[in-house]
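Next come two complexes, and both contain chain A; in the first it sits with chain B, in the second with chain C.
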Partner chain A sequence: MSTIAPTPAPATLPLEPAPAPPARRRRSGRIRWGMWISLAVIVLFGFAPVYWLLVTSLTPSDRVFAFPPALFPTQITFEHYATVFGNAQIFGYLRNSVIVSVITAVLSVVVSMYMGYAFSKYRFVGRKSLMYFVLSSQMFPQALLLVTLYLVFAQFGLLNTYLALILSFTTFTLPLCVWMLKGFFDALPDDLIEAARIDGAGPWRIFHSVVFPLAAPGLVAAGLFAFVRGWNDFIFALTLAGPDRQTLPPGLVNTFISEASTSWPALMAASLIVSVPVCVAFILLQRFLVGGITAGAVKG
Partner chain B sequence: MVQDISRRTLLRYSVFGIGGAAVLGLAGCAPGGSGAPAATPGGGTATDFTFSSWSLSEEAAKPAIESALTSFRQAEGIEIDTVAYPYNEYLNQLTLQVRGGQFAGAAQLDVAWLSALAALGKLTDLSAFTSGAGYTDAALGAGRSDGKQLGLPWTIGAVGLIGNAELFERAGASLTPTTIEEFEDGLRALKGIGVIPYAASTKAAQLKDIVVWMQTFGSPIVDGDASAIGDEASVKAVEWYKKLYDDGLIAPDVDRAAARTLFAQGATAIYDDAPVGKSSVLSQSPDASLGDKMVPIARPVLKAGQTPQHVLWGHLVVVVDGAGAQTASDFAAWLTSDPAQSETYFTALGLPPTTDAALSSTAVTSNTFVEAFTSSITATAQPSPLWKYPAYGQMETAIAEQVQAVLIGQAQPAAAMKTAGEAIDRLL
Partner chain C sequence: MTSSSVTAHDTTPRRRLGSRLGDRTFLVFLLLPGVVLLCTIVLYPLIRSLVSAFFDENLLYPGMEFVGFENIAAVLADDFGRLVWQTLIFTVGATILPFLIGLALALVLNQSFPGQRLLRGAFLIPWLIPGVVVSFLWMWIFDANYGVLNGILMSLGAIDSPVAWLFQTDTARGALVIAKTWNTFPWVMVMLLAALQTVPGELHEAASMDGAGVVRRFFAVTWPHIRGVAALVVLLEFIWNFQHFDTIFVLTGGGPAGTTSTFATEVYDSAFRGYDLGHAGALGIVWMALLTVLVVVYVWLSERGEKGVSR
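Right, the complex of A and B next:
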């Protein structure tokens, strides 16, 4: 009878990596600390202007330029916020900003989603050339187009109207929105569309019932981009809008910056107040925004 | 899913796009204006017009101007539309409006901008409004271009030196330096008490201030039809400025706004400004008595007996030809020369009026700062030789860039001024 020697038990795979030797642990600890410090510096760098904005808006006028500047205000006043809230014109500028920014965003999204879809899913002669032509219009310095736009709008009687602002803003937002959404539609599998077509859906139905719901994050991202473009514009709004349709950026400059002086604390208070709606929009829509921007970045 | 679109279909749709672009392009070629007829006082029936002003958007000036507009409106039984742009954007916006045929009426204008706007050929000649109005000769000169009175002077002063009497006294420096040497001695004394002696402009945005120092050293700036920048006097002026910079008598990164702030905080003893800057300085100063310590100082000269050099500062009212131009001209004359209106405007804003009668009124003579400013600085002020050229802004920038290169040690004064002079020659 032969005896079979027992097979040695296989070496068990360690479930957790063996503890790093002390030198490596120290190194990884240092790297972690380095990362935290780097992040802290970046956060400080990003928030410093906002902090300075807040501090200046709460500082009495005669202390704003005190030297050396105080990191924490020794005296706080809300008079500058009262000044802003007491100025009815600023709410008119705010209303105008909301109107032109929202309509610009909606118009940009509506037009660019069809254009982006066509560029992504249709093949036609000159498609690539047309795509680059659309993008090239983004490369012009805006000031270069301002005079021409002004004269064109004057000829058509569009100066001092919301439409002039919306059209000019959309001119600049459309190319990037189209390219953003084209990338998003590229990431949607053709099989999905093919399946809808086999089920009997026409092109219109396919787009609105199948593609559109899936494209929501991309549309939100493009819409936010267009909204911010309209919200922040200074020179077009100043030139094309006239006194009754003026938006916040030129309105605030007109109100608080004068030939000989600038009312910095009131300007800072107004800037903080008017940035709130944009911040809220970004916070509410950030999950769509991140998804929309990165869509199409990785294929396969 | 991939679909094909035919070449024919694509072309059909392209026609609409290209056609639209052509229409828009043609519309962009709107013609400019030529000459504008002269206006006569009180001609015809009063009509509505538009008034453009940067001061209408400024908290301090707005009530005074609105009050004037209301008075004229009620007296004439008309409507006056208003347009306001921020000061820094004003000339560009007004030029665009006039060039595009979108503006007619009266407009506030900085004295430096007259030639640039006059080049559009749409300003009304207001010569008929000057006789008997009592404007001072210096003020009238500020509104004249190519022999025509294209602007009526609203407020006229100058940019000069303003000192803090308390700091001068503490340093034992003279508040009335006659020559450059005396002035420099005073700056060295002021450095001894731990302040920036002179908040002269060293930032490109305001380095055009050097032009008046070049004139002080004897440069004509423009000689006939050629630039004089690069001559011995202009180079000596820049060498002197560089010496002040190297010796810490002037400081880096200073523009007008920074100078006002430094002065308001008591961190500098002297800076360049027009009377309009006083309210800005006082509004940001913790020293409630600073206004009493502000003293206008006549700019020193190279040799005793020479005339101090000062550049004119002020606002005009011009009239752009078109609907309501006649009534706008009457308004411009009333706003700038009516005795009661001039006094009211001065009392509200402290801006020097432009008629002999207003200047000799109690309201003006009892304002010691304006009175001293007018006698010691405005009295010898002249328009900048560069202002008569529409591209004067680019010329000032060319000078500023080269002077800054000298200050930071990237260029030698003679070579830098030669470069600036050549750049100006190309713009003349």
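Right, the complex of A and C next:
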């Protein structure tokens, strides 16, 4: 399955321009109209919510609860961004998010680098079953896993610690990284390893001096994916972290949503800020995007 | 990547490396950390939760009492039909709608026109932003009192007074499906775009010489090329939606009156609101059994697809 199989390294497929299609000389007017209308609807559906997110975050507080809301702002303000950055709690959540996501990413990459290499370059008894285990561990329902992770962590006194968050994030980042990195190692020619062997290098040396440097771009890509997945997690962080260890997604809920009222513009401003690192990571990852997304097909 | 790669490389010349490089201790070193970690954080908790299905166990009190199949029988008798139905409504809706939108968009963006490249990137935004942000955003759009959706519909005269989309039994499901659709259609688009690029342009040329219209060419030329990927996309979406939690939890919390609850929200509720671990575990067993069927179909389909494409 060439399109779905891990297309390693420089797979730039969908962001590159497509080869020019044949001229459609006889396309009927009706179909062209239908196409334009459906495209317009999809464009509206795709972008209007993002537009509304932006507009709300820039709307002065006294106008947010005007109804019907003004679709085009007559007055913009940055007060809500100031509110978000002026909130000391938010910086605590931000720090937790960075710590937990970075450590999760590093742990996942280190562990899955070895596992992915073994799956790619070694043949051993039980290899296929083990690979299916890794694959299917992404299919286990998070909500169910959450309940027992809570019990296990409670038993070992790990609730409300960074470790609890890192370990619980690893349940979904590790399988993803293993599959991505196996794809990268598959793309490295065996001849390299053979050559190093003939030069007398042992397996340990071959991996760390020959394979590792070549796989570095793949490791970075996998790490970024893991970072983003950890950064985005809501439910594990909400349940397993206490107030001191809460990351941004549940932290935003605590800060801006309450039974009595919700500060929508501030929440939208904070939401945009949370999305920034993800977008930056995406821009850095563009080169690996298809390989990554399709590897993520194991768990999107 | 699918399980296809489980089988994809088995027949390569690499097989001989296994024996020659076969330094057993090194292999153990490679695999051990991953295996230990996965067993501790995935396998053990999972077994633990399935075990609790057979016990009367409460989150607040220590100790557990063996009750056999009582919990599972209770789930099958009380919730089963309702949960399967409600989970299916969400799953089917949140699979079909993004598929149709993603397919339409992929077909359009596969043409070359000015700005096409930029548009491909921009359409990924809904998929890129964190899921919880997606949930907040739609919560605000659907807001009963000040939501922009009510604002627009009232200006258009479609409704007379604001509608509480997320709090009415007849609209809440649709609202959830729309929010989830917005989040996932870009993924479908990317997967299908990748598939569309395998369709040879000459085939289209030839078909259009023979007088085939756009629709005809889609079904005769394009569809057969992307069918395999499309099937996998649908199945994966189906599996993920079947266990989806975040959007439902944030937007409706399973309400109103339990009409949007699924296996995911119900397991969460029975464990953390009802403190009934036995019930949560029993729900989990039933849920996992249904999921296993889906995953088996997925593995079977991707292995079959593997054979079909790599001939």
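By our rule, the second predicted complex is superposed on the first by the 217 of 300 C-alpha atoms of A that agree within 3 Å, B and C clash if a C-alpha of one lies under 4 Å from a C-alpha of the other, contacts with A are read in each partner's own complex, and residues count from 1 in each chain.
As a convention for this text, a residue touches a chain if its C-beta (ideal position, glycine included) is under 8 Å from a C-beta of that chain, and two chains touch if they have at least 3 such contacts.
Everything numeric here is computed off the predicted structure, so don't read it as measured data.
S.K.: Could you tell me if A:S263 is touching chain B, chain C, both of them or neither one (first, second, both, neither)?
M.R.: In the superposed model, A:S263 contacts chain B only, not chain C.
S.K.: Is A:R123 contacted by the first partner chain B, the second partner chain C, both or neither?
M.R.: A:R123 sits against chain B and chain C alike.
S.K.: Contacts for A:F67 in the overlay, against chain B (first) and chain C (second): which applies, first, second, both or neither?
M.R.: In the superposition, A:F67 touches chain B and chain C alike.
S.K.: Just to be sure I read the superposition right, which of the two partners does A:L167 touch: chain B = first, chain C = second, or both, or neither?
M.R.: A:L167: touches chain C, not chain B.
S.K.: Scan A:T239 for contacts with chain B and chain C and give back first, second, both or neither.
M.R.: both
S.K.: Figure out whether A:L151 sits in contact with chain B (first) or chain C (second), or with both, or with neither.
M.R.: So A:L151 meets both chain B and chain C here.
S.K.: Can you tell me whether chain B or chain C touches more residues on chain A?
M.R.: Touching more residues of chain A than the other partner does is C.
S.K.: Need the overlap of the two footprints on chain A, from chain B and from chain C, as residue ranges.
M.R.: Common to the two interfaces on chain A: residues 64-67, 121-124, 147-148, 150-152, 190, 193-194, 197, 203, 206, 239, 250, 253, 257.
S.K.: Going by the contact rule set out above, which residues of chain B touch chain A in the complex?
M.R.: Residues 1-7, 10, 24-25, 27-30, 54-55, 57-61, 82-89, 93, 96, 100-102, 257, 260-261, 264-265, 267, 276-277, 279-280, 283-286 of chain B touch chain A in their complex.
S.K.: Mind listing the chain A positions that touch chain B in their complex?
M.R.: 61-67, 121-126, 147-148, 150-152, 154-156, 159, 190, 193-194, 197, 203, 206, 238-239, 242-243, 250, 253-255, 257-263
S.K.: What residues of chain A sit close enough to touch chain C in their complex?
M.R.: 1-6, 13-22, 24-28, 31, 35, 38-39, 42, 45-47, 49-50, 52-53, 56, 64-69, 71, 110-112, 114-115, 117-118, 120-124, 128, 130-137, 139-152, 167-168, 170-171, 174-175, 178-180, 182-183, 186, 190, 193-194, 197, 202-204, 206-207, 231-232, 234-235, 239, 249-250, 252-253, 257, 264, 267-268, 271, 274-275, 278-279, 282, 289-291, 293-295, 297-300
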